[in-house]
Structures are given as C-alpha cells and as structure tokens.
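Heads up, there are several structures right after this.
Two complexes come next, and they have one chain in common, chain A, joined by chain B in the first and chain C in the second.
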Partner chain A sequence: MLLAVLSVFAAAAVAPLVVRLSRKAAGWILATVPLGAFVFFIRQAGHVTHDGPLRESTPWFPAYDLPLTFYLDGLSLLFALLVTGIGTLIVVYAGGYLKHSDELGRFYVQLLSFMGAMLGLVLADNAIVFFIFFELTSLTSYLLIGFYHNEEDSRQAARKALVVTGAGGLALMAGLILLYQVTGTWEFSEMLAMGDTVVQSPLYVGIFILVCAGAFTKSAQFPFHFWLPAAMAGPTPVSAYLHSATMVKAGVFILARMHPVLGGTELWTTTLVAFGGFTMLMTAWLALRYTDLKQILAYTTTMVLGLLTMLLGVGTEEAIAAMVTFTLVHALYKGALFMLAGNIDHETGTRDLKELGGLRSAMPITMIGGLAAALSMSGIPPFFGFIGKEITYEAALHAGGWSTLILGASVLANAALVASGLLVGLKPFIGEIKGAFTREPHEAPLSMYLGPCVLGGLGLAIGLYPAFVDHSLLQSAQAGILQEPHELHLALWHGVNPALIASLITFAIGFAIYYGWERLQKSAVMGGFGRALGDAPGDGFERLLYELGRSSHTITRAFQTGQFRRYLLLIFTGTIVMVGGALLFEANLSWPSELGEVRYYEAALAGLVVLSALAAVRANDRFVAILALSIGGYSVALLYLLFGAPDLAMTQFSVETLTLILLVIVLIHLPNIDGYEPITSRVRDAVVAVGVGAIVTTVAFAALSFPLDRSVSEFMMQNSYTEAQGSNIVNVILVDFRGLDTMGEIIVLTMAALGVFVLMRMRRIRLPEILGTRLHSDDEPIRVDGDGETVPAGAEAGGAADQNGAEVHPDEPAGAEEAAPDDQSTS
Partner chain B sequence: MIRSLILQIATRLLVPILLLFSIFMLLRGHNLPGGGFVGGLVAASAFVLYSLAVGVDGARRVLRLAPRTLLGTGLACSVGAGILSLATGASFLQSLWVKVPLPGLSDPLKLGSTLIFDIGVMFVVVGTVLLMVFSVEDRVPGLIDD
Partner chain C sequence: MELILAVVSGTLFAASFYLLLRRNLLRFVIGIIILGNAVNLLIFTMGRLTREVPPVIPYGQKVIEGAYANPLPQALILTAIVISFGLLAFTLVLVYRNYTVSRTIDADRLTASEPEQDVDLHTQKKRLPA
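Our next item is the complex of A and B:
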C-alpha cells in the first residue's frame, strides 16, 4: 500500500518531464500509474472481503513514535478504488482538456500530488498520518482551484476553499488529539473497538464537535457549503475529480471512519441528520437557480454530501448500506457529468444552459456517455442511481422517529436531482441549436469522451447487474463502517412497496420541475432563496476576511507609522522601560569590587567616542553628522582591538566603512538640515537618548558585578583544536560548534538584502492588493517613489539599519513622511 | 559627480590586492583572526570601491555574477557542506576533515567541510552588501554615475 501511495507521488515528480517529452501522450502515460494502483486494490479486494482488513506499518519518525501505518478495510478499499479508478480517467481526460495549456506539467504535478494525498488519506491508520494527508489535500486543492492564477475569481475561490477547509482541518486535528488522550492510541484500527470508552468520556462532546467541524468544512455542509460552488473556478478535470468524486468526500469519510467510535449517540444522530438533511434539501433546490452546468453540478454535489452525512447520522444497517451505495453511485455519475460539462465547454465555448441546445448531432459519443450518467443521477431504472435512490428511501422509511421528515426531505431533494440530471445531461443535446457558439461544435477527442463513457457505462452495467458490487465491495465497506458484517443485497426490482411509490412521486415532481424550470429559475422566490442561502454565506465570508485584513491593517498602521525616527523612539523607550524596570526590580546592583586600571590611550579613545557623538548631535550638515558618527564607530573598533577581540574589531571596521558608504550614497540626496527642531521634540529625544545611555552603562556595570561563568568558554578553548582542527575559537564557533546558528544568520542576511532590493524596486502599491481583495478597488494608487527630492523611507535608514525590510507603506507616499510634522527641517 | 583620476588609478591597484587579501582572510580564519565573514566584507569593499571609482555598471561587469546569484550560491555552499556531512553518515553540519600530505612540508594540509561552509558565508556577505549598494544606487542614481 505504501508503494501504491508513493508511486503516485513519484508520478507527480516526473510529470513535467513526461509532458516535455510527449505532450500528446503524457496523459495516457501518466494514467498508467493510478491504473496500476487501481489494479493492485482490485486484487486486494478478495482478501479484504474474505479475510478481513489488512494492516501495514513502516517506520517513519521513530523518535516521535510515528510510523506510516496503512489500514485497508472495506471502507478504505471503496474509497481507494474510487480515487485511483476515477483518477485514471481524469488524468487521461486532463491530457485532452488542457492540451493547449503551457502549464500542463504543473497541472499534473498538482493533480497527482493530490491523488497521492487522497489515497494516503483513505488508507491511513495513524491519525497523525491521516491528518498530514488531510491537510495535503486541502493544499493541493487550493493550488488546483487557483490553477488559472491570473484570474481574480480563481484566486478568491482558492483562498476561500483553503481558509474554510484549513480552519476545519485545525479543528479536526484538535479532535484527533483529544481522541488520542481518551483512547491512548493514534491508530484508527485500535480506536474502532473503543467506541464505548470514547462515548462515555467527558471529552466526547468536544471530540464530536471538533471532528464534525473538520468534516463539515471539508464536505461543504451548511453553513460552509459556499466554498464548493466557488471552487468551480478551477479547471473542469479538477472539479470532476476533487470537488465531486473524491476530496469533498474526505469529510464524509472521516465521519464514516469515526462512526464506530463516535456514532450511535443522540448527539451524533441529531447533529448529522439535521445538518446533512438541511444541506441536502437546500442545495438540491439551489442547483435549479443556475444555468451554468458546473454550478448546477456543484450544488447537486453538496446535496449528495448532505445526503451521505444524513445517512451516517441515521446509522442503521440500511442507512449505512444506502450510504456506501450512494457514494459509489454518485462518484460514477458525477465524475462523468463534470467531464461532459467540460467537453461541452471545451468544444462549444460555453456551458450556459441558456445558450446550449441541439448538440446531439455534433457530439454524439459525449451525449451517450453523459446521458447514461444523467439518467443514473436522476435515478431512472435500470440505472444504478435508481437502486441507490430506492435503498435510500428504504433506509429513510425505517429511520425511527425521524423517518417521515427524512423521507419527505429525501423525496423533495431527489426530485430536484431528477430535474438537475435531465438539465445537465439531456437539455444541451435536444432542441435546436440556439446561440452562435464561439467555436464550431464538434466531438471531443477520445481522451475526453473515454471518461464519461466508461463511468456512464458502469452506471448502467451495475444497475443491470448489482451483484457485481454488492456482496464484495459494498458489503465490506458497510462492515467497515458498522464493524459487524451484514448481508447487503441490491436489486433493481423489489416489488411494489413504499419505496417504489416514493420513487414514482419523485419522478412526477422531478419532471414537473424540468418542464417548468425556465419559469422557476427566473422566479422571484428562487432569486430570494438563492441570495439568502446561496450567495449570502459566501459574501459574508469574504466580508469577514476583508474586515479582518482591514482591521489588522489599521492596527499595524498605528504602530508601523513608516517613520524611522518614530520606530527608534519606540524601540528605545521600550528598552528603557523594560530593561530599566528589570534592573530596578530584579537585579541586586552593587558597585563592582574591582575595576581594571584605565590606560591613557583607552581614556583617549573613550573621549573620542563621546566627542564624536556630541559632534553628530550638533552638526547642521548630514554629511558631517555621518562622518562624526563613523569616527565614533572606528574608535569603538579600536577599543575592541585593545581588549583582545581582533575578529570583532576587523568586522566592525569593515561594517563601519560599508555603512558609511551606503549612508553617503543616500544622504547626499537629502536637503541640508536648516535650523533645529522645536524644543519639545529635542527635549524628548534628549531624555530618551540619555536614558538609553544610562541603561546601557548600568547593564555594563551590572554584568561586571556578577562572577563570570567561564565554563562555556573553557569548553570551547579546550576542544576547538582537538574537535574542530582550528585554533581561532571565534571562527571555530562560527563555522563548526554553532554552524547552524551561522546558517540561520546568513539566511537572515539574504532575506534582508532581498528586502532592500524589493523595497528599492517598489513603485506603487494598492491597498486592496495587500489585503488581497477587490472590495475597495477604487482606492487611489499609492505613490511610494518620490520625485527627486524625496527618498523612499527605507533608504533613509540606510542599508544596515533597515535590515528587517518589513516596512511596506501601503497608503502613504514617502514624500509625506519626509514632510511629517515633527520633521520640519525638510521642505 | 566628477570622476577622479587618482581614485580610478588607485582603485585599479587596490582592488586586486583587496580581493587577494579577502581570500587570505578567509583561509587563515580557522587559526588566526579572519574568516568568511570578514573576508566577505573585504571583498565587498573592493567591489564597492570599484563602483565608486568607475560606476555601478562597471562594477557589475567586473563582478560578472548578479549579487542575487552570489546569495544563492553562498546559501547552497553552506547547506551543501551540511548535506555533505549527512551523506557520509555524520550529523548535519558536523565537520569533516581530510589531511593531504604536501611534499616539502612537515605538516599535512588539512581541508575541512567547514571551509566550504565559510566560503558560503563569504559569498552571502558579498552578495548582501553588493545587492544593497547596487539596488540603493539604482534607485537613487546620481552619486556613482558612469
């Protein structure tokens, strides 16, 4: 199993190379990898159904007791087959769909990475391994939704999906950690038998809520349903694969996995039935509001996810049988229909139902595959969808106290599904050709009709011969969820019973909707319903993100004024308050017992430092001030030399020189200092300056009054030659003993240099770009560059002092900063 | 700014000496004051001096590599030294030493992976200083003109 997962990731790694070698055949070549994995899992099926689950463990992080464990039971087998089987078709399909894209290689890297992550997710036994793959699916999904990264809609949709599923992922992680605390194991396979312990634990409610948060966000349950339709901004193969057949089912999967552990309680049933049922009913009808094929399919996907969640909540033997059956039914038809939508879009240039019609002669093969899938979606016998619907109704009828409500909601939702299925799979092909297509409609290539035809055909074949899957695959999947074996028998014809009657009612309503759809779609009720439940949550979410960004911007601006002098003032005042406070309250200060004798040249250098500082303060020319400061710097370097630190002295000399040059390059462009600042700010600066000086002096004395701990330097001295072959301890520490620190430092240096580089290149920034939203795109563009007289704020500080590179001034021109009120010297 | 003939001539003489000196600093650093950091600063000063004398574009031409490339190369050297240790089974950044006996000298030449690391540090320092100076100069042109 490990090999199967790794091979998919390996395929992701070589994908760009394969695409470069052969654009046309890349999809077919790469598809052999998931196909191989699919065959592998098929071969395991007999073993899993007869001999029980397989478990496999490979050491991974022994230090953290984290092995790569995989667990293949009926449930993970079903999902693994879906991931690899549909994955194979999607890889082939994408080769045709993105044939002309320059970025096919990148696409395959992301798609196959996702596939590997998804496969790992469904197979993982260890909760941490599961979580890592879970997050990886969120991340790859983000990249794939945002594949057309030049388009703002794509970026926004991708961010929406990432924030929602990422936040849910964090909740899930917390839930899994709590689960570990209760059960004492990270392995799902061991947790499965501990349901009673968990349910009785005081942490149960917390675990349940957190796991639900993870599952509901991932599987787009109300109120998080809005990200999934938005995710349709991604390329169609992505929608077909991630956002219908596989990834969005990860939430349902974790609920199914957790069913033996967390399920069976009142809380479980009520929550899942309520949220799942509401999502199902609401999104089934929301789908009818759209004319875009992909939007319709997206909403019907959330409808099915709601249905699956609801069935898991009901949790009876029949409900779980219905859940696994519908998972397969849905994956088959929805994958096919998305590909159909992609074909239509690809070959005609539109996927709007208002413009589509009469494509039957242009795209006959796509139509056959798509129609088969659509009929399965509508639950029309003898397709597999009919069986799925019947068994759902059967489960609803025996759902205990909720049964009437559940049955009613299911019938209404399925009726909408009948209509949606016909709208997507039938309507584009019948009638007359309506609008002028931007492209001459023609049949898609083999790679693109293969998927719909195989999946649509499977829907028909399984419908006619359900014994193909019921005893083997579905029964063991059901056993995996319930942890006890049950007979699962599917059949097309059950005789005349309540479920069949419910089906007939469903068809009646469904066909009625289909014929009245155009009026319904435009009606005011539908509009209001759509705005309230379809658009509002998504808009609210965007609003929330925007407000978050704006308020953090406001807070940042309050501290990061962009004025270097203000920063220094804050930093120095902070130093005085904190270090001074610590000295006052914590340290027991005493006059050092012995101070070394002061030699005359030491005193002379110290005097020079003081004099240069005074000269810098009194200078009325920037150039003179800088030179005076440099004299101070060089004098300090000489002091280092006198006190036996030649390395430090050399470094100080070089840095001083280079800083001086940098400052001169910049300062020569600033106007001269004419006159002094107002007395208030001078007094304030003087107080801060004297305060810092006093603190530093006190700290120096305080350091002297403590006995020096030499154990570290002794160690360095003793071992520097024997261990590190060097007699210059400073250098040995830098490159050997503390080499990792040095590496960190040079990385910081690199970032600082790049920061300066970017700062110097920056011309203008827009506020909305920083906040990543377009809500206020009418803001004025911001000038950061000056006009000869002004200098970017970063440059004022000089290179050395400005190394944090964090000063981004989104909404104030640098010129304004220069002319800020307390800097009256500049004009 | 007026070009100074004296500065230009002096620079031509000084730059090679400074560069040699920087390598000297780098190599002797393990036993005597010096090392990659100071060596890098000296080498950077040489190029800054050159840019002051003949202009930034001239300095860029002489440098041949973009400062950003130097940064990347330097980081790669440092990380590479660490990975080299990993590859031999030691832990990350643990120093490795080879002793090469030289004819005519009693002491063998000791070569360590720390030297590669220190060369990396030197490159990063040169790259950092030059990237800062060059980009500031690009943005605020006029002082060092060609």
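Our next item is the complex of A and C:
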C-alpha cells in the first residue's frame, strides 16, 4: 500500500518531464500509475472481503513513535478504488482538456500530488498520518482551484476553500488529539473497538464537535456549503475529481471512519441528520437556480454529501448500506457528468444552459456517456442510481422516529436531483441549436469521452447486475463502518413497496420541475431563496475576511503612523512602564548609602557636562548648540582623564574635535534648528524624556549598591603582559583578547565611511522615484529638469554637496584609522 | 562620586531623548551625540571609579600591584566612542542628503516610505461567483 501511495507521488514528480517529452501522450502515460494502483487494490479486494482488513506499518519517525501505518478494510478499499479508478480516467481526460495549456506539467504535478494525498488519507491508520494527508488534500485543492491564478475569481475561490477547509482541519486535529487522550492510541484500527470508552468519556462532546467541524467544512455541509460551488472556478477535471468524486467526501469518510467510535449516540444522530438533511434539501433546490452546468453539478454534489451525512447519522444497517451504495453511485455519475460539462464547454465555448441545445448530432458519443450518467443521477431504472435511491428510501422508512421527516426531505431533494440530472445530461442535446457558439461544436477526442462513457457504462452495468458489487465491495465497506458483517443485497426490482411508491412520486415531481424549470429558475421565490441561502453565507465569509483585514489594518496604523517620532515616543513610554514597573515591584532593592569622596573639580566638571547638555537642548542657534556640545564632550574627556582612563580621554578629545569640524561643515549648509513646536508636545516629550532619564539613574543606583565582580578585569590584568606581551591592558583587550570585536568595529566604520562617500557622490536623484507623490515642499519649489531629473531650486546647494563630499570624506577614514593604530601602537 | 556621575548620565539621557523627539532633524542629530556620551558615561560609572591609576602595567613588572582603574569598561567605551562617531557622520550626511532632495529637515514631513494614505488592498470591488 505504501508503494501505491508513493508511486502516485513519484508520478507527480516526473510529470513535467513526461509532459515535456510528449504533450499528446502525457495523459495516457501518467494514467498508467493510478491504473496500476487501481489494479493493485482490485487484487486486494478478495482478501479484504473474505479474510478481513489488511494492516501495514513502516517506521517513519521512530523517535516520535510515528509510523506510516496503512489500513485497508472495506471502507478504505471502496474509497481507494474510487480515488485510483476515477483518478485514472481524470488523468487521461485532463490530457485532452488542457492539451493547449502551457501549464499542463504544473497541472499534473498538482493533480497527482492530490491523488497521492487522497489515497494516503483513505488508507491511513495513524491519526497523525491521516491528518497530514488531510491537510495535503486541502493544500493541493487550493492550488488546483486557483490553477487559473491570473483570474481574480479563481484566487478568491481558492482562498475561500483553503480558509474553510484549513480551519476545519485544525479543529479536526484538536479532535484527534483529544481522541488520543481518551483512547491512548493513534491508530484508527485500535480505536474502532473502543467506542464505549470514548462515548462515556467527559471529552466526548468536545471530540464530537471538533471532528464534526473538520468533516462539515471539508464536505461542505451547511453553513460551510458556500465554498464548494465557488471552487468550480478550477479547471473542470479538478471539479470532476476533487470537488465531486473524492476530496469533498473526505469529510464523510472521516465521519464513516469514526462511526464505530463516536456514533450511535443521540447527539451524533441528531446533529448529523439535522445538518445533513438540511444541506441535502437546501442545496438540491439551490441547484435549480443556476444555468451554468458546473454550478448545477456543484450544488447537487453538496446535496449528495448532505444525504451521505444524514444516512451516517441515522446509522442503521440499512442506512449504512444506502450510504456506501450512494457513495459509489454518486462517484460514477458525478465524475461522468462533470466531464460531460467540460466537454460541452471545451467544444462549444459555453456551458450555460440558456445557450445550449441541439448538440446530439455534433457530440453523439459524449451524449451517450453523459446521458447514461444523467439517468443514473435521476435514479431512472435500470440504472444504478435507481437502486441507490430505492435503498435510501428503504433506510428512511426504517429510520425510527425521524422516519417521516427524513423520507419527505429525501423525496423532495431527489425530485430536484431528477430535474438537475435531466437538465445537465439531456437538455444540452435536445431541441434546436440556439445560437452561434464561439466554436463550431464537434465531438470531443477519445481521451475526453472515454471517462464519461466508462463511468456512465458502469452505472448501467451495475444497475443491471448489482451482484457485481453488493456482496463484495459494498458489503465489506458497510462492515467497515458498522464493525460487524451484514448481508447486503441489491436488486432493481423489489416488488411494489413503499420505496417504489416514493420513487414514483419523486419522478412525478422531478419531471414537473424539469418541464417548468425555466419559469422556476426565473421566479422571484427562487431568487430570494438563492440569495438567502446560496449567496449570503459566501458573502458573509468574504465580509468577515474583509473586516478582519480592515481591523488589523486599523490596529497596525494606530501604532505605525509613519512618523518615527511616534515610534520613539512609544518605545520610551514602554521603557518607563516596563522597567519602572519592574523597579517598583522589585522589593529587595537596596540603595547606596554614602556618596563617597567627591573633589570639587570633579563636581565642577560633572556640573559643566549637565549644563552644556541643557544648553544644547535650549539652544535656538545651531552654532550655540555645537559649542555647548563640544564643551560637554571635552568635559567628559577630562573626567575620563581624572579617573584613570587616558586612552579614553585621548580618543574622546580627537573625536570631539572631528565632530566639531564635521558639524560646522555640514550645518552651515542646513537651515537653523529653530522651529516652533506646540507647548503641549514639548511638555509631553519632556515628561517622557525626564522619566527615562530618571529610570536610567535609578537602575544605575541599584546596580551601584551591589559589589562589583572584577574577576574578568583581574584576569585581563594578570595575563596582559605574560600572555599578550602588552602593558596597556585596555589596548591588549582591544587588539588581543577581543581582537575580533575590534575588527568588527573597523568594518562598521568602513561601512559608515562608504555610506557617507556614496551619499555625497549621488549628485542627482530622480525625485518622483524616491518620494512618489508624497513630497511636501512649501519652503522652496522643486524645479524639474527637462530630462526628468530634479535638482533643488537652491542651485548652489547641489554644488556644495559635491564640495562637501570632497571635504567630509577624508575625515571619515581618519576616524577609523584613529581607533585602530591608536590601540595597536601602545600594545 | 559614582552617584553624581549616575545622575549626570541620567540627565544626559533625558536631554538626549528630548532632542530625539523633536521635529527638527538637526536636533535629532544633536540628541544622538549626547546619547553617545550618556551611554559611555554610564558604562564608565558602572565599572566603578578609581582615581589617577590607569590600567597600565608599570615598566619592569608583570602585573599591577594595588588598585588600578577597571580596564574592561574602558575597552568597551573606546570602541563605542569610535562607533558613535561613525554613526554620527552617517546620520549627518543622511540628513544633509535628504535636505538637498526634499528641502526640509522636518521629521514629520518625511513620510514618503510610509504614506499616511495607504494603497488600500480591500477597496477593489468584490466579485462573487454567480
């Protein structure tokens, strides 16, 4: 089984190569892989139906106790056959459908990846492995729906599907984890026998809701039904395969798989019957609102998914028999009908019923295959669909207390299905050709009518000879769900019984709808119904996404105003609140008690530093500010000198001088620093600034109250001369102990110098490219040159820039060299 | 004396942050310069002060006997001074360069990279199937 799954993934990997080698035959070549898997599962069928389930385990992540376990019982066999069998036909079909697409290779990669994931999903025994494949199907489905990614509708539909099924997947994962906590095993096959434990567990309701959330989203049950019709934006082979025959049934599949574990309770029955039944009835009638073949088919798909969910909810022997039978019935006819819709679309250029008609002579083979499928869908004897419908009614009749309601809903839903089947499979072919098609209608190629004909033909064959599947495949699938064997016998003719009468009523209503469809479709009641239940949930979902985006945008904008002053203010305030708060709540802070020795000149220098800083703050003239800065800087240098740091003092003196020169050179070309700001913002900033300053001082006080650990400095001193042959310890640290840091410093300086150089050399800048349209310049107008370049209106400023480049630049590396040689010379 | 320098450093921080919050970009640059001194002084003070004994091993000896100024903060500050200068030079040229292009040193007008009026991704007309 592992090989079967892996081979499909391997086919996905080589698909682009195959397409490159032979575009025409690619579909046929690639189809051999799922065909091989199909044959493999057919060969296992005898074993599974007679001797019981197969289980296979391969170590995968032994460290996490996560093996790749696969489990093949009747249920997974039925689904595996559908995945590989219909998959084979779809791969062939896609070869014809996308013959002219440049992206056939990409398509096959995605389609075959999906197929592998789906196969893994139905075979997985380990819940984690199952979940991985479950998510993979969501992802590949997203890619496939959005295959025409340059169309907005496709992208939107793909996003819708991904969000809905992805969210459901997360819920499902939570449910599976809870299930593990109750059962103590990840393996489904071991859980199956533990239904009583789970049902009695206090976690049961939680598990049930979470699993249902995963299943209902994946299988498009109300209120999540909206994503599936939207998913029809994908290419038709995708719709035929993922969104009718396989993936959307994954939700039903997990419910079926969980039936022995979670099923049989009042909660299970009520929930599944209510949601499934409502979805069935609602979407069956919604289908009649559309004229697009694919939309009709999409809604009838959700109708069937609702039916299957409802039958699982009923859970009787007959209901499960009906469920597995209808799964097969539906897969056969719906796959065929989607391909039919694709053929009509492909060969005529439209799939709108208002424009279609009279194609019987142009597309005879498609018509035969499609009509067979449509008759099966409508449940007309002797097709397989008739048997499916009869057994559904049987199940409904014996469904206990809900019986009448379920039967009534089923009849009404099936009546709509009869009409839909005829609309899709019959109406395009009969009558007159209505208008000019964009293409001359002609028969589809073999690759494209093969699928509908095989599936339609199977629908007829099984209808005529149901013994082909009932005792083997379906019976063991039923046993897989119920965990106990039952006799399952299908037949076309049961004699005159209530189910047959219900069928007759269904036909009567169905044909009536078909003949009155055009009026019904246009009626106001139908429109209102469609808007309320068909469009509203989807619109609501889009609205939700929109509001989510808008509110997060508002929140982001509240913080990211685009003004860095606001950011700084937030950061400073945050510092005050957090560090200040931590200081307040830290109980055992001690404060230094004594001031220590203070000499008057030291105190004077400290006062000078403070005064110069305040002067720089107060200055309204740039040169006053520069002077104040320099006085402060030189005072700091003197402080360094007084406290045993001559190297620092030296460096500070040189850098202070350079800074002074640099500031004077540059500031002379810039406007003055005066500028009016409202008193409120000045006070606010002052409060914040003083707050941070106070916090810094407080932290410093707190730190000073602890004794200093000088062991590192001691180590440096001890080893400075003996190990590094240097007597100036500071320099030894810089060039030896921490030499790499100094190299980093030199690199930073070099980058800064390069940056300065580049900035000064950039003479002219294309203004619109940098500032877009957001430039304010009421001070001086910007003059745009003839060649689109802009220069500042103050023309001499441009020239000055260049001059400065020449002057400022040499200063730069001087600073860099200052640091390094100064250190090395003394070491 | 450490306590006094801690207060001095705190005052420098306050002055620097006040300047960093000004609309005039040149005041911002001055704030950066003061910030450098504030940080360096804080590191220096945190390493404790020792008067007049530089961390230099006297000639003919292999280690320093007795008290000596803490060399570790000094090494850090030496690096920091030089880096601050590089930062200052770059910032200053950036402000200057920006001025030659936009003719303003008003921080609140430099919003080209984050315009107040965004391109709203959500305004496109929503199209729903069918």
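One rule holds for everything that comes next: the second predicted complex is superposed on the first by the 562 of 827 C-alpha atoms of A that agree within 3 Å, B and C clash if a C-alpha of one lies under 4 Å from a C-alpha of the other, contacts with A are read in each partner's own complex, and residues count from 1 in each chain.
Basically, a contact is a pair of C-beta atoms (placed from the backbone, for glycine too) under 8 Å apart; a residue touches a chain by one contact, two chains touch by 3 or more.
These numbers come from a predicted model, not from an experiment.
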item	value
Contacts of A:Gly644 with chain B and chain C, given as first, second, both or neither	second
Which superposed partner A:Gln725 touches (first chain B, second chain C, both, neither)	first
Touching partner for A:Ile747 - first (chain B), second (chain C), both, neither	first
First (chain B), second (chain C), both or neither touched by A:Arg761	first
First, second, both or neither for A:Thr657, with chain B first and chain C second	first
Touching partner for A:Gly510 - first (chain B), second (chain C), both, neither	neither
Touched partner set for A:Asp736, first chain B, second chain C, both or neither	first
Chain A: partner with more touched residues, chain B or chain C	C
Which superposed partner A:Pro235 touches (first chain B, second chain C, both, neither)	neither
First (chain B), second (chain C), both or neither touched by A:Gly421	neither
Chain C-contacting residues of chain A that also contact chain B	646-647, 651, 655, 658, 662, 666, 669, 727-728, 730, 734, 742, 749, 752-753, 756, 760, 792
Contact set on chain C toward chain A in their complex	1-24, 26-27, 30, 33-34, 37-38, 40-42, 44-59, 61-64, 68-72, 74-75, 77-79, 81-90, 92-97, 99-109, 111-116, 118, 121-122, 124, 126-130
Touching residues on chain B, where the partner in the complex is chain A	25, 29-38, 41-42, 44-45, 48, 52, 67-68, 71, 74-75, 78-79, 82, 92-93, 95, 97, 110, 112, 114, 117-118, 120-121, 124-125, 127-129, 131-133, 135-140, 142-144
Residues of chain A that touch chain B when the two form their complex	646-647, 650-651, 654-655, 657-658, 661-662, 664-666, 668-669, 724-728, 730-732, 734-736, 739-740, 742-743, 746-747, 749-750, 752-754, 756-757, 760-761, 791-792, 795, 799
